[in-house]
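Encoded as structure tokens, here's the structure I'll be asking about.
So that you can tell them apart, the chains are marked A, B and C in the order they are listed, and the count of residues begins at 1 in each.
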Amino acid sequence: MSRSRKLLITDRLMRLLLMGAASTSVLVVCLIFLFLFKEAGPFVFKPGLAKLMDSQWIPVSFQQERFGVGPLLSGSALVTALAMLVTVPVSVLTAIYIAEIARPGEREFLKPFIEILASIPSVVLGFFGLLVMAPLIKAAFGLSTGLTALTGALLLSLMAIPTIISLSEDALVSVPYALKNASLALGASHLQTIFRVTLPAALPGIVAAVMLGIGRVIGETMAVLMVTGNAAILTASPLSSVRTMTATIAAEMGEVPFGSIHYQALFWIGIILLVITFALNIVAQRVLNKYGMMK
Amino acid sequence: MNNNTADKFILLSLRLVTYAIVLVVGYILFDIIRNGFSALNWQFVSSFPRRSGAAGGIFPAIVGTFYLVVGTIAVSLPLGIGGAIYLAEYAEQNRFNSLIRLAIITLAGVPSIVFGLFGLGIFVLFFGFGPSILAGSLTLACMVLPTIIVASEESLRAVPKGFRDASLALGATKWEMIRTNILPYSLSGMITGAILGIGRAAGETAPILLTVAAFYLPRLPKSVFDQVMALPYHLYILATQHPEAERIRHMQYGTALILLLLVLGLSLGAILLRTHSRKKFRW
Amino acid sequence: MVEQSIYPENQEMVITTSQVNFFYGQTQALFGISLLIPAKHVTALIGPSGCGKSTFLRCLNRMNDTIPHSRVEGEIFINAKDIYAPGTDVVELRKEVGMVFQKSNPFPKSIFDNVAYGPRIHGEKNPKRLAEIVEQSLQQAAIWDEVKDRLHANAMGLSGGQQQRLCIARALAVGPKILLMDEPASALDPKATTRIEDLIGELRINYTIVIVTHNMQQAARVSDYTAFFYEGQLIECDKTPKIFTNPRQKQTEDYITGRFG
């Protein structure tokens, strides 16, 4: 029976190996948290976490260094909010068109464009934004520079749109035929059915999609680094230059002395980013699970 | 009728919004191709940069991106496929496995710059690899892992349940069944996932910013502990920090175009593979 | 609850089950099943949906092992060996006890490779031997003449009935003595169904067959003995003609005459 013995051992071994492979995801997540906190840690004692709540971010200064993440949070928030203002209507309306109205041939034509948009590397989009969009914004609003929160927001919406479109499309398509048919049988037009029955039914899926889109936008680095200007200030004006959390890390990490307070502060920004995107992800999953998106 | 005009208006708006996106995407491609095309020649892709990147070619950046991609796939593909097989074929509904799924979803949402910080902290500093192909590939592998797992698991689940039953009933052990009767049919889906992962790894800048990328290295790397140039990072520096940035637009566009062609080519490859394999295995 | 007396005196029993209980997690699906399966005869398991007949069938080759949180109590002896004893080689068991499923599931390989899959898994590498086994199995499944010229064509191109006969050939190729069939013809048209039933008639000369069917007329046509299951219990088992003309239990009679199920 040695063949059977060998088989049994192979089987057990493979199960262990495969389980190990699957566990690496858990390992990596734990390590990410671990190492981020490890590098950021000392800041808690000197100069203390309260410093992060300062109102200014001036990490390099002859006088008093300030490590307030406020301006950076506000920069991220402003850019994200503006981006969502554009993205959500555009994505949802496009998803409706693709899922409910476009003819099959049209769909085959449209979907590749969305996929292409999704594949364009962020640095290439940032480059495009720098050379084409920034001058446009500058001219359109008569500014001294086109590197503004608005420019960044527009680029970010280009990046979030494919994500939200595809998830919203899934949500719309999953709405059971029975609902749509019931509405039509009552005499509602196709469009009425879409806006009064299908869209509301797909809302949980769309909300989840938007949350994932927000997560994507908050976490984006290169595009905003290249086009939002470089001003770490607290502002609500879309036409002013801002600094996002992600851009700050990318821009300053290269020149910061390892282990310095500035270095640690940057890692704290990373932790904040991690926590925000993690929370968004969890809530999005909850929404999807609770309202049962049929996949 | 009021209803009819309102309907027509809505329809028109929907169409407009949708095709606006098409136009924008088209314009972006057009702009980059038009401006980058002139820079594309054999010199550009095969020679080394001169004058700090203001002249010459981007050969080492192409090579660097290639090495990084190979390294990333070498690490993430086996782990990703292995993990997917476990989740699709072995895992029951228990707490540990829910944890694994949670971890995968979490990883998928981590911002790319945070991966960069992570890579810096663990591979560059803690393990002491220094900024290197090794550190960069490992970091990118962590980032790409969820993509590969999700795509692979999907392709495994697409194999009909009947195959499993029939195989086991004929006396195959579980691993034999997977190896002979499931993997062969899900392979192409896994490769599609791998290609998508490669595309992402090739185009990302933030993770490699802190773990491997160098701007002006006019020689090729000799070992995995060396730094390399990479296309996305090259474009970034060329466009934003180069002293002659205004005058070397053609270099920037050329780099952008190469990067774009690479990534889009991979996407196209993945799509073609998917359609081809759908035709091959009908069930 | 099955009396030995319904079988002739020297009848050899290939499968003996004694007080078998089956649980899906906390839910009990089989209650004290004690059934004998005679060698080289066809035994049909009938009963309404959900009565446990398929569950019982799958216990016989331990296919239920694949269901998480399932549990078997009682004893099942096949060829005088307790198949649930610890240390039982399940792989060997499945070589001796073959199974054909309700929905035919040929692998998307060639016809040849489908049939050769089992022998190859069990270590047969000799191409000549494999070719012999494949031909023999396809002959026994009464499909050889239809496919002998296209053994390397994809099995998915066959009709539903042909695919099912291919699956039977595939099961026979590993050399079992017992064949379990779970509603093998329920997805087929009448003509294909007849061919399967004729095939069963031929196979019983060499094989012990246990067939689950929801089609009573089919059970009456093909089987020697019939066991009636209801809500997880074995209500009655007897020679087929007797079950269908003069059953002992009222429940059996109600089912046979179509009062329920």
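Here is the rule we use: contacts are C-beta pairs under 8 Å (C-beta built on N, C-alpha and C of every residue); 3 or more make two chains touch, one makes a residue touch a chain.
Everything numeric here is computed off the predicted structure, so don't read it as measured data.
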Notebook entry, point to check: What is the shape of the graph in which nodes denote protein chains and edges denote touching chain pairs (line, ring, star, complete, other)?
Noted result: complete
Check: Of the chains shown, whose Cα mean is nearest the mean of all protein Cα atoms?
Finding: B
Notebook entry, point to check: With chain centres set to the mean of the C-alpha atoms, which chain is at the far end from chain A?
Noted result: C
Next item on the list: Name the two chains that are joined by the greatest number of C-beta pairs in contact.
Entry: A-B
Next item on the list: Could you please state the distance in Å, as a whole number, between where the Cα atoms of chain A are centred and where those of chain B are centred?
Entry: 17
Margin query: Quick check: how many Å separate the C-alpha centres of chain A and chain C?
Written below: 55
Next item on the list: Round to the nearest whole Å and give the separation of the Cα centres of chain B and chain C.
Entry: 49
Check: In chain A, what residues contact two or more other chains?
Finding: 7
Checklist line | Interface hub residues of chain B, defined as touching at least two other chains | finding: 173, 176
Next item on the list: Can you tell me which residues of chain C touch two or more of the remaining chains?
Entry: 91-92
Check: For chain C, which residues count as touching chain A in their complex?
Finding: 89, 91-92, 123
Check: If you look only at chain A, which of its residues touch chain B in the complex?
Finding: 7-8, 10-11, 14-15, 17-26, 28-29, 31-32, 35-36, 38-39, 89-90, 93-94, 96-98, 101-102, 110, 113-117, 119-128, 130-132, 158, 161, 189, 191, 212, 215, 218-222, 225-226, 246, 249-250, 253-254, 258, 266-267, 270, 273-274, 277-278, 280-281, 285
Margin query: Taking the touch rule as given, give the residues of chain A at its contact with chain C in the complex, in rising order.
Written below: 1, 3-4, 7
Next item on the list: In the complex, go through chain B and note every residue touching chain C.
Entry: 92-93, 160, 162-173, 176, 180-181, 185, 281-283
Check: Any idea which chain B residues touch chain A in the complex?
Finding: 3, 7, 10-11, 13-15, 17-18, 20-22, 24-26, 28-29, 31-32, 78-87, 90-91, 97, 99-100, 103-118, 120-122, 125-126, 142, 145-146, 149, 173-176, 178, 199, 202-206, 209-210, 232-233, 235-236, 239-240, 249, 252, 256, 259-260, 263-264, 267, 271
